[in-house]
Structure formats: structure tokens, C-alpha cells
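Encoded as C-alpha cells, the structure appears first; notes follow it.
We just call them A, B, C and D in the order they show up, numbering each chain from 1.
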Amino acid sequence: MTTLTTTQAADLVAANRILVRQGVLDAFGHVSARTAPGADTFWLSRNLAPGSVTASDLLEHDLDGHTRDPRRTYLERFIHAEIYRRRPDVMAVVHSHSPSVVPFSVVGTGLRPVLHMAGFLGGRAIPVFEISDVAGDASDLLITSSPLGAALAGTLGDSPVALMRGHGSVAVGGSLQEAVYRAVYTEANAHAQATALALGQPRYLSAGEAAAANATISGQAVRAWDVWHEQVRPDIPAGDLAPGPGQE
Amino acid sequence: MTTLTTTQAADLVAANRILVRQGVLDAFGHVSARTAPGADTFWLSRNLAPGSVTASDLLEHDLDGHTRDPRRTYLERFIHAEIYRRRPDVMAVVHSHSPSVVPFSVVGTGLRPVLHMAGFLGGRAIPVFEISDVAGDASDLLITSSPLGAALAGTLGDSPVALMRGHGSVAVGGSLQEAVYRAVYTEANAHAQATALALGQPRYLSAGEAAAANATISGQAVRAWDVWHEQVRPDIPAGDLAPGPGQE
Amino acid sequence: MTTLTTTQAADLVAANRILVRQGVLDAFGHVSARTAPGADTFWLSRNLAPGSVTASDLLEHDLDGHTRDPRRTYLERFIHAEIYRRRPDVMAVVHSHSPSVVPFSVVGTGLRPVLHMAGFLGGRAIPVFEISDVAGDASDLLITSSPLGAALAGTLGDSPVALMRGHGSVAVGGSLQEAVYRAVYTEANAHAQATALALGQPRYLSAGEAAAANATISGQAVRAWDVWHEQVRPDIPAGDLAPGPGQE
Amino acid sequence: MTTLTTTQAADLVAANRILVRQGVLDAFGHVSARTAPGADTFWLSRNLAPGSVTASDLLEHDLDGHTRDPRRTYLERFIHAEIYRRRPDVMAVVHSHSPSVVPFSVVGTGLRPVLHMAGFLGGRAIPVFEISDVAGDASDLLITSSPLGAALAGTLGDSPVALMRGHGSVAVGGSLQEAVYRAVYTEANAHAQATALALGQPRYLSAGEAAAANATISGQAVRAWDVWHEQVRPDIPAGDLAPGPGQE
């Protein structure tokens, strides 16, 4: 077990609301965080629309997707659990159905960076998880078990983002702020790339450009978090910082 | 005759405003509900823009489209009447002109699910009602009589959604919440499908995936209704819950 | 000379703000009205962004584009003047640069109705005014004189709408409410038609359908005006109804 | 050294917020101004999201990108510095990643005017800065030095706008209002041009039309600034006009 500090809880609440405000999440999707690299638990809201999450809704989950709290959890908590299990470096995970990304999940066109702000996407096409390879061709497309989560985590590999066919995507980061930044700019890049593809053949960032842009932009991304946080601050209930169970 | 409870009236008012807020309705279109499966009346606002509907505007209509109220009714109340007549299972109907759906109504491209949230669309292309087959090639495209409503209901068959060429669509549900959910995600899926078609040949959900996704997501859809309801609550006049004629 | 009643002035102020709110006008474009069919003057704001217009900004213009008021007038007042001169039936004119319409003005694709709400567009492609035919190939594309206005009015002919190449469009109506309705739905139809053309070959409304839909919808359009008016009401300064010069 | 008047500071603060509100800037991008043609310093915010800039954040930079202020500056201040060095006529510079412009930066399609409001774009395709020509194929795409800024300024030449491949664009003006206007309408034109290209082959403004439209519209552009300024006024902190260091 770990303990979520008041600041960490407030940041995770803010991340939920930022992702709604930025159009990445709507009534569905979720974002989680853990308190230390390699920790064997993570924090995720109970089953709730992300725009409604407050600190007392955040529940500690173990890597099998269990909680000690009796409240209802997300069906797809195994996305988070299995990515944390496989990737000790990952500190936060966003799962979303953002509108410009879904179309890339159902066609052969690889998602690749057309703008330097999305250099984190790297020099190769982003992997696409084809659930029918593991769950057959009549699944509900949801990641509702540890084996399905492990298969998705396998497709993700060491990538920052993976698409999920007919469903959405996951974005991970070495911090909560980084995962949120990546989810927002994966959507922005998908929109720009689709527009560019309608005009002609885009010149994508080279592998070297993507790596260099990612290294530089990492130091600036906190500027985005600060602005986005400011925008959602009025929506977060005052007194929300009272710790929930297992939080200090 | 049936009686609309205060809760049912409040939900139908909320549904009108949710559909406006979600971009499915604007100054036009309408949503109705009935109080029991197979009931021979249904409730629908008088002729009013959906964003302005309050409880006292809800009128009981019979399946011939008649009301006892002298106030002006929607020209297209026969859409609702004939769908309820043919489909005892249907508890609510949304008729809309939502912007991403209309284009699919005028081309041969079938509307099909590209995202699991729209699994209710099923494994085949959604039917398109071609009004000129029954009304000739100089009609006003509106469903202004019982025979036209019956023809549309025939095209709908047992589908959850039907497109209407050059006009819009209908979405039905086993509850008001389900019909609203389907109308919102039919629009979302149409937008995603059009974007995907511009990129390449989409892989649609298989029939089995669509059915499984629909079964699972049904249990989650109330989460969307709750969020959407919260968003429109400030716009609904206080004291709106005073029952109108025939409501308790 | 004519006199604008307080109600007519309030409606013209509202029309300016409605068209901004609906995304048809931004800082540019204008809307005018006259008080009787065939009247030889019309009312149009002084040179001002439409979202800022109040009743005291409305100036009476004659058909040569002159006013008695010393304040600065719109460069393109001749659009209005010459349409009123040629079309005694027209009671209001909207000139706009709305975003989905401009693209149709620069390509050979005819703007045609794909939705019944735009039946007023009729059964043939909307005419496009090619200014270089009368002003040569180095004009500023603006209608800044009576002869240019007359040429545009000639292209408009008896149509409800004309496109202006590389510039925008005009929409006219037998009432202010009708002209506003047509401007809004010309934009909506252009967006839907462009989306449909990306999917396949659209089936446009037949001439008979367009005429029939227009006849029916005309009786419903006031519903849109009422909703739109309600939305802009809070933005109009209280006490704005004090008559300006020449108003009662 | 120069001194920024209270009015100039207020205008530069407003320009930051206008560009955010108009969708040209988000958490990134920047706008600068200088106080006289050919002046060897310019004013630019410290490293801050543009929607948060206040007068006390504005710092005087010299043409080597240095400030006397210890606060952190933008990495890409060299964009501004080198354009001011090369172009004595330029009084303001906007650097943005606006969404419709980025796609044109990565394909061969030249950005050209399809609407008269963008006549400033002129009769030829807007130049595109290909950073790999000077920084190799593994740069971070950012303009983080004087030589890179000088190369970009060279590509810009005497154009009002240059695109930056995989990154964004710069727009310059003879006044702050003009640069802001151009940044907003470069985005609007890119959106309209992409839509037109999906429909067919656009007829672009001829060189003569572009020049004439630009000459006429210049006199009207202040109308846009006034409206946009009014929209952002409520967001600017009261008391923001207290001069910062080096301001009077």
C-alpha cells in the first residue's frame, strides 16, 4: 500500500477535469497515477464520469485490479494495472476515446508526428492493439481482465501511446503531467495529420527530430499543465482536499 | 390515457435540453417518451424549440397524433406515433437533424459502427428511409401523416436508428436514457466514420463485437445521462416541476 | 424617407447579434431591412462590427447608398441598395463571409440543398458572382459602387442566395426573420454538402422537394428566430430601445 | 533601450489574450512588439502561457535575444529578434501553431488566399521554412539561436507570413493590430483553402486582387481589433496597467 498526498490527490482530480475540458475525455475514459516508480498499487477514481471526480473518489488499486473499497470500480481498470506491471517507469496512464484518434485506430494509416509538440510519438507509426487477435471476433472490445490488459501492455511495449482498434487509445508518462500532455497532443496531432493527409503526402518528423523535439519540449510542458489547471480550478469543489481513505 | 409522474416529466424536459447541449437538436427536432411498453399514448412537447421546453409544455398524444390540448403540436408527431404503434418495446424516440448524420442520409455509404460506444448500431448498415418511394419526388420530406409515419417505422423495422434522406434520423430506446444516448453516439460515430473514410477503408465492428459492446455498454450509459443532466440543470427553470394537465 | 418603429429597430439589432452568435458574421458582414416592400430607403448600421450594433447606430440609406447622417458607413452598402432596387419583394439582406460558404465560391461545385431545412436553395445550383467579369482581374473584390452592386443584384436575379467568389455571399428574404434564417441554413447546408461530397455523390433535393420543403418550413422558421433571439437578449444593452434619429 | 507606454503595454497584453481567444495561440506561441520602426529592442513576455500574460511580464529584449531581467525567457525569442533585425518595417511578430496552418507546413500545397480578407497573403504561395536545410535532420525544430532565427527571417523575406515545417508559422505587421489580424486570418484562410481543395480546384485571388483587397481591408482591420479587444477585456486583471520595469 501507498499513501496519496493531498497534492497528489489534487493533481489527479485536476487531471480528470483537465482532460474533459481539453476534449480528450467526455463521460467516459479515465486517468490514473502511482506514487513511486515500480510501486505495486495505483490510484484511480471509482466508476464515475471524469468531470465529476473529487479526491474522496480516488481508490487505491493493486495490479490485479482489486481495491479494499466496496464502491464500484471501472470495468477497464486492467488497462492501468497491466501497464504499471510491465512498465516500472510509467507513473500515470490516460485511457480515452478522443475523437480524432479513434479514426486512426480503424484504418491502416499509421499515426505519426506532424508537429514538434508531438515529438514524443517518435519516428515510427504508433502501435495499434487489435483485440480480436486475443479475444476473438465477438468481444465487446473492452479490457475487462488481467490477460487482456497484459496483451494491450504488450502491444504498447516501450511506446508512449498505443491505439486500440474501434475503441480509443492509451497514453502514458513518467509523471501525471506528462501523461496528460501526451493525451492532449496525441489528439491534436491526429487532427493535424488527418488534415494534412487530405492535402497531400505529409513530411513526418524524422526519428531524430522527434527525439530532439521531445527532449526540448519536455521542459516546457509544465506551462501547459499550469494553464489547463487554472482553467478547471473554479469547477473543483472547495474543501475537496479533505483526504479520502488511505490518503493523508 | 396515462399519467406522467413528476420524475418522468422532469426527465423528458431534461432530455430535450441535453440533446440541445450535446449538439443533436437545435431549434428543431424533438424527443418523446411513453410511460409503459405498448401504451397507446406518448408524451411530446407542444410545438416549441426543444431548448425552451418545460413540464407544462408536455402533451399526451395518441397513436393517431391527436391531443386533447388546443395548443399547436409538432407537424411530425406521426414519426413518434407510428414507431410506438409498431414497436411495443420502444419507450422513447428522438428525431434530429444532427450535422454529421445528415450527410450519410444522402450518399450510398452505409452508417456503421467504428467505435465500441456505438455498438448498438449493429453489424449491418443502418437503414435509410427514402421518402420519394412513398410520397413521390416532390414531397416536403416531412413526416406529416400517419401513412408516412408508418412507412418510416417500416424502414426502421427492429433497428435502433434509421436515417431519413435529406432530413435527419430517428433513434429509439427501451428507456428515455437509452434513446438519448443512442442519438448522441449516432452523431459521434458518424463524425468518426466520415473521418476514417477520408483516411482509408475502416474496419467496422463485427456483428459479434457490436452486440457484445452494446450489451456491456448498456450498463454504463447511465453515467453519461447523469453527467449530461448535471450540465443542463442550471438552465431548467426552478419550479418547473409543477405538473401540467394530465400529469401528477 | 421612412420611419423605423421601436420593434423594427430592436429586431434589426437582434438580427446583427443573432448572426454573430450563429457563426455567420464575425467582426465583418452586415444585415439590413426596409420598412415596406419597394420602399426606396433601407436601414443599416453605421460602419461597426455587427456584434456591437445598437439601435442608435441604425442609419437610413437611400438606394444610391447615401445617408443624412455624418457617421461613417459600410463600404459595401451598395450590396443592399442595389438588391432593394432590383427586388421590390426583398425586405432584408444579409451579407456574410461564413466559413463553409466561402469554399463553394471558389470552386466549380454548385451549392445545392442536401437538407430539407435548406429547401429555399431550390432545385438548381446557387449563382456565383464573378466580380472579375465586371471589375477586371485586379479589383479588391468589394462591392463599393452602385454599378458593382447592380451587377451582383443581376447575378442574384430571383434567387434567395448568391455566392460572391473569394468573398462570401448574400441571402435575402421577404422578412428580416426569413433572411436571417436563410443565412444560417445556407451555412449549415454548405457544411453538410461538403461532408457528403467527401463520402460520395449526394442526392440533392429535387426541384419539387425543395419548393415543397420551403413552403412548409417557412411556417416553422419563426421558431428558430425566437430561440436565437432569446439567446442574444442578455447581450443587448438595457435602454437600447431609445429611438435614434428618424426612428420613432 | 526604449520605453513602453502604458497604452502599448496594455495593447500587447490584449494581443496575447486575443490570440488565445481567437484560437491562434494556446498554452504556447508568443507575440511581440517594438516601439519604433528599426528600434534595436523589442518587447515580449517572459516565459509564460500567453493567456496569463500581464503588463509586468513584458520584458525588453535586444536583437541578440538578451534581457536585463533575470526571469526566464522564451526559448524561441530569436524568431522575433532576427525578424526585427532584418525587417525595419516590422513593428510586431506573432509566432503560433494554429491548427489549420500546421498541415500546410508539411505538404507541398502552397498556402494562398481564397478570401479577400486574406489578400495580405499576396499572389504567390507563402514561403515554408525547412529547418533541416540549416539544422540537419535531427533538430528539435525550434528556433533557439540567432543563426536559426536569421535563416527563418531569410525565408520570410518581405512576406507577411512564413510557415515553419512541422511547427507553425510567423505573421508580421506594420503595427501590433496588423500582425494580430494577419495571424487570425492566416488561420481562417488555411481552413477555407483546405475545405475548398477537398471540393475541387480553387480559384485563388490574383496578385492584383490580393494587393487591392489588402489595401482596402487595411483600413477596416481596426474594426476586428476593437471587437476582439472588447471580448478579452473582462479577463485582464484590474490594476494590470501599473507599469513594469522599463515601462512608464
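Here is the rule we use: a residue touches a chain if its C-beta (ideal position, glycine included) is under 8 Å from a C-beta of that chain, and two chains touch if they have at least 3 such contacts.
For reference, the UniProt names are A, B, C, D = Class II aldolase/adducin N-terminal domain-containing protein.
Everything quoted here is computed from the prediction, not taken from an experiment.
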Contacting chain A as well as chain D are chains none
Rotating chain B onto its identical copy chain C by a Cα superposition takes an angle, to the nearest 5 degrees, of 90
Averaging C-alpha coordinates per chain, one finds the centres of chain C and chain D separated by a number of Å equal to 33
Chain A to chain C, mean C-alpha position gap in Å, rounds to 46
Among chain D residues, those touching two or more other chains are 198
Listing every touching pair of chains gives A-B, A-D, B-C, C-D
Listed in rising order, chain A residues that touch chain B in their complex are 26-28, 47-49, 51-52, 75, 97, 99-100, 102-104, 106-109, 132, 136-142, 144, 165-168, 194, 197-198
Residue positions on chain A within touch of chain D in the complex are 113-117, 119, 188, 191-193, 195-196, 198-209, 211-213, 215-217, 220, 223-224, 226-228, 230
